[in-house]
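All chains are identified by letter, namely A, B, C and D, in their written order; residue positions are counted from 1 within each chain.
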């Protein structure tokens, strides 16, 4: 009953198999092999336009290097106050952009609100050297709260960014989960709505380690080969990342795995809602579930082998918990089984 | 006939198998799983003392973060002028140490010379704020020139470092190749000779992606968890690195693979020396061979499918080449076959 | 009628004279002259203990280098949300600390609240590598809101810092104004209340350019000579800074100038409060006055030659302004005259 | 008998007087006053074109921020191996460019040699991500060796830079001394010969603290306001720098002061050459003199009050010194007197 995080899972057998297949033979290093090229091409198809793709090792690297590619002296990036870049990356975005700042912006449901965002940007009048200057907007899809921006919501954020001359970055650590939740195409959810740079994550959805920075306009990527190398993210055997993605994309495996994870979350939500031992903290649409449990129920579940994280109560929901309650986060993955879900619900009491 | 680099090879089947085995099941992320712990323990045994181990994704990361762990304002690190840190890492050590400098020091055979090193350090008198101040010495074992420091040579460098109060780092991207060339133990080649921090490389010797920073004195590693995370090198599924290393160490596989690579290089050296179509540029002791070929012979070999790199002539050997000659580098790996070597020698003319 | 900022003023005649006196003669450069030493000694007397003093060129430099001296990988510094370091320094503290983060904390009256501060620090549990880790607390005395921390308030913040093992930095750009407002000694207002490092500002109080980082415990300053030099803040003719401070301290000039500036602010507050054309936005204790004016009155005053800045309404006072009001900031200085104050009040309508 | 450095001198009386004049009155801060604007205009006249001027506090800041303005990820700057940027700035150029590298290039007489420079740049083939990539060339005029690049020599370096698409920076800490030595105009010595960015130094030639970064093409300076501010080099009372430069330029004072310093150096060279107690190490053309003295003569001179620095022997002159000799550097300034020079020569024996 592992619901701590989707990165506690291993790798899908087909992805493992693809890695094994690449074990033999020799090929050019540092991202120049035929396989690397082939997967880069695959991204063009998936996004229905020519994109520039840079494989990196971690989601933190993808986010940080994406922001480094648009960094400028005195630059500030606007993000949601609960975004992974600001909450969970130990200052890597600041460090790897050479000291640029993240400005947290509040918004309900883990999502940036376009009006609040615009107001935050307006606090930086052009030429005001003392405050610094806007350099980017970043949003997370799916969010850290398990919610999903609708296409219209992404577009609204994209319009604020464009009106201010700012590139829009999407942290897509759970890109596939959001995509299938919306039943949208990758193009729909990105450049058609104003997204310029995407952190494309495969690790949480069945790969071992497969992340990429995807530039929707390749000419924005001119410095990226050097940014990646000087940040120690150019792997010599990059084809081990490419090989994972080959299997990941093959026959739509990635979408299938995300659908499974989301479905398991739905089952979990249903189970919790139907039980009388807990309730949903808020509604979610992907593979994350936030539940309010009594402390006793939580302790019991843990004693029965359930693994999950306690979660801080969002500022916007100050009255969420009763005195003996706690908020927990449950994450399903490609590897979660129906049985595991059902056992968890049973374990609550 | 792939001799371009040992990182053009894939992965050893046993290492691939170990990865597949880890594909199923769930485990704690970010380096806290049982497997991670077990492999860390394994390093203790291998180095015959308690060490602190940090898995990272690339050799450049290992070197840069090792230096970052001893960085201080105005700090300079002394390295050989042909060392990977200064010649091939796009400034990553400077960037990831927050702007510290690498000072190249000349020495024959790709090795630091203790006297020259001591003289270079002496140019930084204590308290001389204008020049900056020494912060570390780094040497590469095996060197970029295919040579190996003897244990006494490492000790001599270690003494210069210690006399100046400087930590000694070893870039061990080809640690195993050097180890078997010297028939030494890991302890012999590191802390017993004054090495404080090691970049332990597995990628070039049969892994896909398995590098580690190893601190011989764990209390030097206090900042390292944060250095690694803010540099985007903390993998969520670190156990995929640990799994590779599990197979790598099992039954001494790593030493066996290095012995094979070195043996193939010996065969290559013998073949070239015996041919009348080229000669060895200098004597090497590991899996790198440097040969002087006529340009015609080199072109012919390439047309027959041989892959290798042209190499710049070392400053210390200004008369190495005749008018129609070129210097090339050939690297063997765990995957190189005797047949491949023999075909290369045949291909020269 | 210049009330835009105290840094619009020139320099006090005695300070100008001291500079002229130093124009002739030669002396050792880079802070090693007799005069430099003498002024460093003077700081020891002023602070009633041995301190380490580093002259720098700007207040932003003093703050940034003070924080750089306690920086560590993944480090975060807690400051008030309106503090100069976060609101007005274009990311210099982040840049010059190598990418460390400033975490803004709310508090009424421009002051950190110890309970809120402690709660903010508690969000960083020891060893939690994802969030980063606390490295310092910084407070501003006098604050950007014109208020002053009482000695007990500084002590309370100092206790929170100490309880968390964090150094406490004080941004003293208006140190003298606070000192005379409290009628305290420098020792009282700093190390006796838990302050470890002080940005000591002279520029806003009658110098041209005289700032210093003062370490209350000299052994915390071991890296500072290198931090200052690599940040391009070691002036060759540092004695031009020392000469300013010589006159600044002579006969208590600095305290006299600060008393004058504060007295002019009191006169201004009295004048505005007594007029029926504006009111004080909140009570202040130093040389800054915040007033609510009708937009018409503000426009009129500007047309009559008054210079001041519009100011953003603090989050905690959402209902401060009526529909036709604006909030302005007025700053007096050592050079402000009674006549200037009176003319301003007259100019309002 | 102060010949340690031209930054041991104070300030010229007319410059001191100009500062005093600016002490009274109020003016807009942060470089926006009328005086600031007027001096910026003055630079346009001096350079016979529209330039962009940024006042900063130190020569190290001018050099570092000039390079920061053309920095890019993985960037390397080519400089002479004895240049101030690499020999005397404690890594500030590396730190303030976010980790870019300085590559030292050898050349006789302290000057870059165009052929050697071109060869050094050629070691960075376009797109070679591992080595990094060229970002700038910097030369020092006058050099650290007391020599001066002829206009043709600057042009030759400029051509190498242009052929490689690189901006050319000139470290002009002793700009005036070189200018009068060549009897050239500022335009002749800079943009007409390919210089793009100049560190314009006034401090060593009679100012207290007056340095500027001058962009010959203002559109290269778009980021510079932010670079300067985030590096803590935007002074609030910048007009104290402008006031110094006002007097410095008035009536050609700056050229007169430089001519005087150079003449004193000529007198010193003549005196040493004519004495039988020392000899010139090499010929110089500005206000620096390098002399070979017997150790006894040097000790005697010091005991009689002479102040100078020992100097390392250049690599290119391995046989410069006899067994009992030492190499010393003597620097004259605007404040050096004939009497001081003559007493020094007498003091040698």
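By our rule, a contact is a pair of C-beta atoms (placed from the backbone, for glycine too) under 8 Å apart; a residue touches a chain by one contact, two chains touch by 3 or more.
Computed from a prediction, not measured in an experiment: that's the story for all the values here.
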Which one of the chains is farthest from subunit C, going by Cα centres?
B
Comparison of B-C and C-D (more C-beta pairs in contact):
C-D
Where the centres are mean C-alpha positions, what is the separation of subunit C from subunit D, in Å?
34
Where subunit B and subunit D are represented by their mean Cα positions, the distance between them in whole Å:
41
Distance in whole angstrom between the CA centres of subunit B and subunit C is 50
Within subunit A, the set of residues that touch 2 or more other chains is 30, 73-74, 89-91, 95-96, 98-99, 129-130, 132, 226, 229-230, 234
Per the touch rule, the subunit A residues reaching subunit C in their complex are 73-76, 87-91, 94-102, 123, 129-132, 312
Residues on subunit D engaged by subunit A in the complex (per definition of touch):
30, 68, 72-74, 98-99, 127, 129-130, 132-133, 223, 225-227, 229-230, 234
Which residues of subunit A touch subunit B in the complex?
2, 4-5, 7-13, 15-17, 19-20, 22-30, 56-61, 64-65, 89-92, 95-96, 203-204, 208-209, 226, 229-237, 240, 335
